[in-house]
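Please read the structure below before turning to the comments.
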């Protein structure tokens, strides 16, 4: 049987001189009908460019195919080389025979057109449907991706739908004309983990329904375990290894594949938690940070004079304590209030109620110390691009009345070395560093003031997986060395498993489960925790079927004066308690 | 709705600010209605004569009392009486306004009809020779002072072809459409030239931005043709900056195009205000500046409302 | 330095930069008095002399050398443009930063005041200011500066608001950095790029405005030359001595062209949005 | 589709425009004179308006008792005849019985009396009142006779009465308080419509005592840019135009179909020194300035030679040959000498003010003078101001020097008493007076013998140019441009357009 798609010695370059500037070098693979190929790699590996070359969208991004062939077997069984096709032919193939979905559902749909119009367009272009017929077809397409109330949603514009919904719409568009090949370029990366599980489930189901082939591009090798038949691993523009799913996962040959599988955090249901620095049971030491009844509310204003008519209960009664040398991970999905909690601890948002106490530790004379410091999610946004590294590191010292003297400079150099950055970094600017390096800079900056607590707000989420692993290692080392307490905010269970001693699961502004990391991860008690953990993709759970669940996160807007009922807790074991739902 | 109400609520505030500024400023300018009428002959007046004239022009009291009276009148819809026209200010303004409005509209139509396709064309031929050509013309358009263009047009037409648009009296559109268009076309072209150039430049850069957006890639992945991608998917998204620019420019044009009106001898708002200032027709200056400011604010509000119509993502909020 | 290299690598940046540099050179020579003739000298027997070897661009009504006057005129026009834009940028930056930083009520009050200025027809605002203060170079500068201040205020306020929400500002707050430090190092330093672009484009507009004011007799005072004044003085001599209009007209057009090209280039180089799409 | 549509729309608009343009020159109504000027009248009250354009407009609507002809001789208007009593203290007018107001009522002696009483009433605010202060009382023995009783002999009063500022308005309109809003005159044209700064429509007054007018009406358009006026005349949109700027006026003769009318006017271009300010307090400094200025060159440069160097007296019958006046031939050496003698061998700095566009040559004159005075070390700073700002400073005497175009009168006393008498209203502007000037002016006022008057004023002229409080420069022309098929226009030195009443279009 001739494969549906046969890519042979594909080379793609960019710029004025594409031959000299190749980002994909000699990639070959075959894809049979109904097969799913996962292309796995980190940023810059050329995986997306490879995908975009297949339907030649790479042309519009300034790329050019400099060699090789991409042969598509068309519906009439003729073989068609996409690398040499002219644009008019390509427009007939795109959408009709090759569908594609992208990473960012929020930006991939035209913001000014209704989703109905955007779905109908596919039918109009390839099926010649117009008017009511097209609308009916669009409604069917939405039904197919399990969007409830499809007829009404057709009139929505993208801004009225959540990310998960939008990705379903994207899938509906891509599959509208039943293409035999679907290219999914990191379709779940921008989504919450439970939503990701939904989308994965949907893709798997649709694939079964239609028998289409799929190319699934991802940086997360754990994610493809549930859906792929074959895996192609890319690094630096080359395909370093490819083969059957089980073969790659169980018996990787290439060192990079091994690295991806072993060095990178994968969720292991509590089996990979830290063994060191467990909380002692006697509780004699004073906590590094204690948060009591933290409440953060944002007024909702309306009316001509902007009177508050309600409040968003972003954080609604959160208590926890954090011992020196301990990591408390706060996990939850977007909108759960985990970042607001962190920001409230730092005083970046004004807390409505609640108390904090943080232990100030003794420091060298002349150097002030703020007990709590923070490392932010986006290493590209948290360093002022116009300041040199020296100025950036000096800022906390200056802010606390210190001076940039020899001592400070010495400290900078030491810290830079300690976080693994070259010594000449001081005179350089942030843009000269990679994402991982920048995050190391942020960590160094946070340590300039000898804090006792470091708040890490999704501190590794924006990094490539292998970089993530190394930064996590660094964090663990630093924690041991300086006795730091970490408040680790994350949505990523795999990462949390590697660093947390304790975990607090936050949902709708409230902690629903808190306790020892191993205990919480291996024996989740609260339904939400269970759901969250069930949604985490793991290498262990191959070809597992996910349940589709279209429930939405409840609204956090409450009427004025609303107070939640006080929490009741069930204790499970020495350090594991779960909120009792009313 | 709430947003609209709140925006409208700031109007009186800004208008009071504008009126106080203009009220004080025009009175700070040396010379008054009397010297404006009599010139150096004003020196022949006896003090009693001066007082009588000051009372006649209503400038015999401190400015804040004058302002108070004027404000009270305004609340009753009375903008005062123009000293040069001897007629109610509002009537004078409304008589001049159709021309200014029509001229502004015509210029904007010319600018959009010429500028948008040119900008889209340049964006889709990015960095090719034709793009450079369009950009060069647009640059020249933006760089030509409009009085130079106006004088050149008039000179070329009258000396070279012996024709010229009718000058002086303005024929309203509803009375004599042909004559009206004949009168306004050249001034509109004069104003529209630089306007079109700005529109070209901004629609080009907006298109370039939009063409690299994700949803354009999505449209292409659906198999949409190049034309459909440009006109159906990209252009509506590129309109916001064009609307912003056109709105601002239109808002300014509604304030009258002093120099072009002067050269083409069009009795528009701009010249009226200029003359009113030169003749120290205080009531007319105050009334018309207020009117122009109100227009400007209304146009700005309309621009904001247009955003909402164009882009469902935009919610009306303060700022 | 990076900017210079960037401009040099950019086609329209090269052209624009070359034009602006040439004009600055001419203006500089004019200021040093290195002009073909004395720009104020009235060669009475050579009034309205057509361009030739002695007077490259002819002479004006007074028998003054147009080429020499253009050289000093460029200096004058650029002075007005530079200072007015500098003042407007300075005032706009301070006000825009203040509005963004203090937010709420102050933001409201400041922006309403800017609305008042914006709602005023620009040329009338300039006219009133000049009428009150009397015409002259400095009055023109102040008038144009006041007209442009609200524009700069808006240009600064928007990005300042978004910078204020950026993580490095949050980070600075967590260290307890002083407002002054945050305003100068974190906000202002990052506003340099959009401001540079806006300044360049505003310079072009200021040149046009100066010309417009001179046309109404409110700009530069005789016998000093400015491009706008020369142009407006030429209008009644357009037929008798066309060179009086052509040379200043072309000079002003090319100078504005230069600033626009340079501004475009700077936007391409400095605008992070553009850079992202290139990267 | 969009491109296609826009192309169609554009070509449609172009067509419309061309039609609109082409339709204009074809004027169906041949007996309407299409006239243009760059500055419009500023108001309609003949007793109050003093602006040049206002006077030119009102002259066509209102009539004074007498008027001046082209040689500045007094000729009848509303009055048929007039007579001074032997002691010069009584002036009697006989009114033209045919004279009628445009409301149909006859012009009677009561109207004359009411009009002059209005002018003299301080509440009116009539600037011309200053010229009529010698009127003690007015008698109206019968409807056709008016007798003015004067407190002292006043020869110039008759000339003053020829001004439209002394126009006769209906007594009924005065009572009604509608002067300035309704225009009811007795002149050749009725004002049908006035759209300030845009357009006036005048129609012939069939009842005019002066007979039938040459055209049925005049439409005056305000075209603020004189280049545009010329352009409009080229395309025959405009038949007749008033021009101010000699740079534009001199282009008219180059057009085959156009004719330029020019006449020397009474108004004079002058550099006013302020003798109350140092160092202009020094006679020698003022004289040095006078000697350092080449008046002919100012004229040649600023006005392209369009005009005539003049002394203080611009009335042809009284004027002295300028070459006999003090330092009318440039003498830089003498000027430097005078400066040294005055104690300013290195010169001094001063500011000269001028009004933008009023006259259009002001800035040019200032620049030439600046360049000339630089030769004796006087550094002039030019400040051009908006007209009103200028007037304000001028009236306050707040200037070192001022470039001015001052209006002339047909009588030297009326023209100069405001400046050069001790009680002159504008003494504070002139800031210079001496006994010789004052007594010469007073003598000139009461003297009725023309030859004796000429001698008096000749002395006045010589003395004042020697004292040099002001530097008189030149008189220019008043320009009107017309299509060659317009006939019968007679330009007069006062700038009056009254002869438009008899203009015809062939």
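Every chain is named by a letter (A, B, C and D) in the order it is written, and numbering of its residues begins at 1.
The rule is short, and it goes like this: a contact is a pair of C-beta atoms (placed from the backbone, for glycine too) under 8 Å apart; a residue touches a chain by one contact, two chains touch by 3 or more.
Not measured: the values here are computed from a predicted model.
Common neighbours of chain A and chain B (chains touching each): C. When every chain is reduced to the mean of its CA atoms, the largest separation from chain D belongs to A.
Averaged Cα coordinates give chain A a centre that lies 47 Å from the centre of chain C.
Note: centroid distance chain A to chain D, computed from Cα atoms, is 85 Å. Rounded to whole angstrom units, the spacing between the C-alpha centres of chain C and chain D is 42. For this pair, chain B with chain C, the centres built from the Cα atoms lie 22 Å apart.
Looking at chain B, residues 29-30, 151, 155, 159, 212 sit in touch with two or more other chains.
Touching two or more other chains at once is no residue of chain A. Residue positions 225, 227, 386, 389 of chain D are each in touch with at least two other chains. By the contact rule set out at the top, the touching chain pairs are A-B, A-C, B-C, B-D, C-D. For chain B in complex with chain D, the touching residues are 29-32, 34-46, 48-50, 52-53, 56, 83-86, 95, 113, 117, 151, 154-155, 157-159, 162-170, 177-183, 185-186, 231, 262-265, 267, 271-272, 275, 278-280.
Those residues of chain C that touch chain A in the complex are listed here as 166-168, 170-178, 181, 185-186, 189-190, 192. Across the interface of their complex, chain B is touched by residues 55, 57, 60-61, 87-88, 90-96, 98-100, 102, 104, 107-113, 121-122, 125-126, 157-160, 170, 173-174, 302-304, 306 of chain A. Against chain C, in their complex, chain A makes its touches with residues 343, 346-348, 370, 372-374, 376-378, 381-387, 391, 395-396, 398-400, 442, 445, 449. Of all residues in chain D, those touching chain C in their complex are 225-227, 245, 247-248, 250-251, 297, 300-302, 356-357, 360, 363-364, 366-368, 370-371, 382-386, 389.
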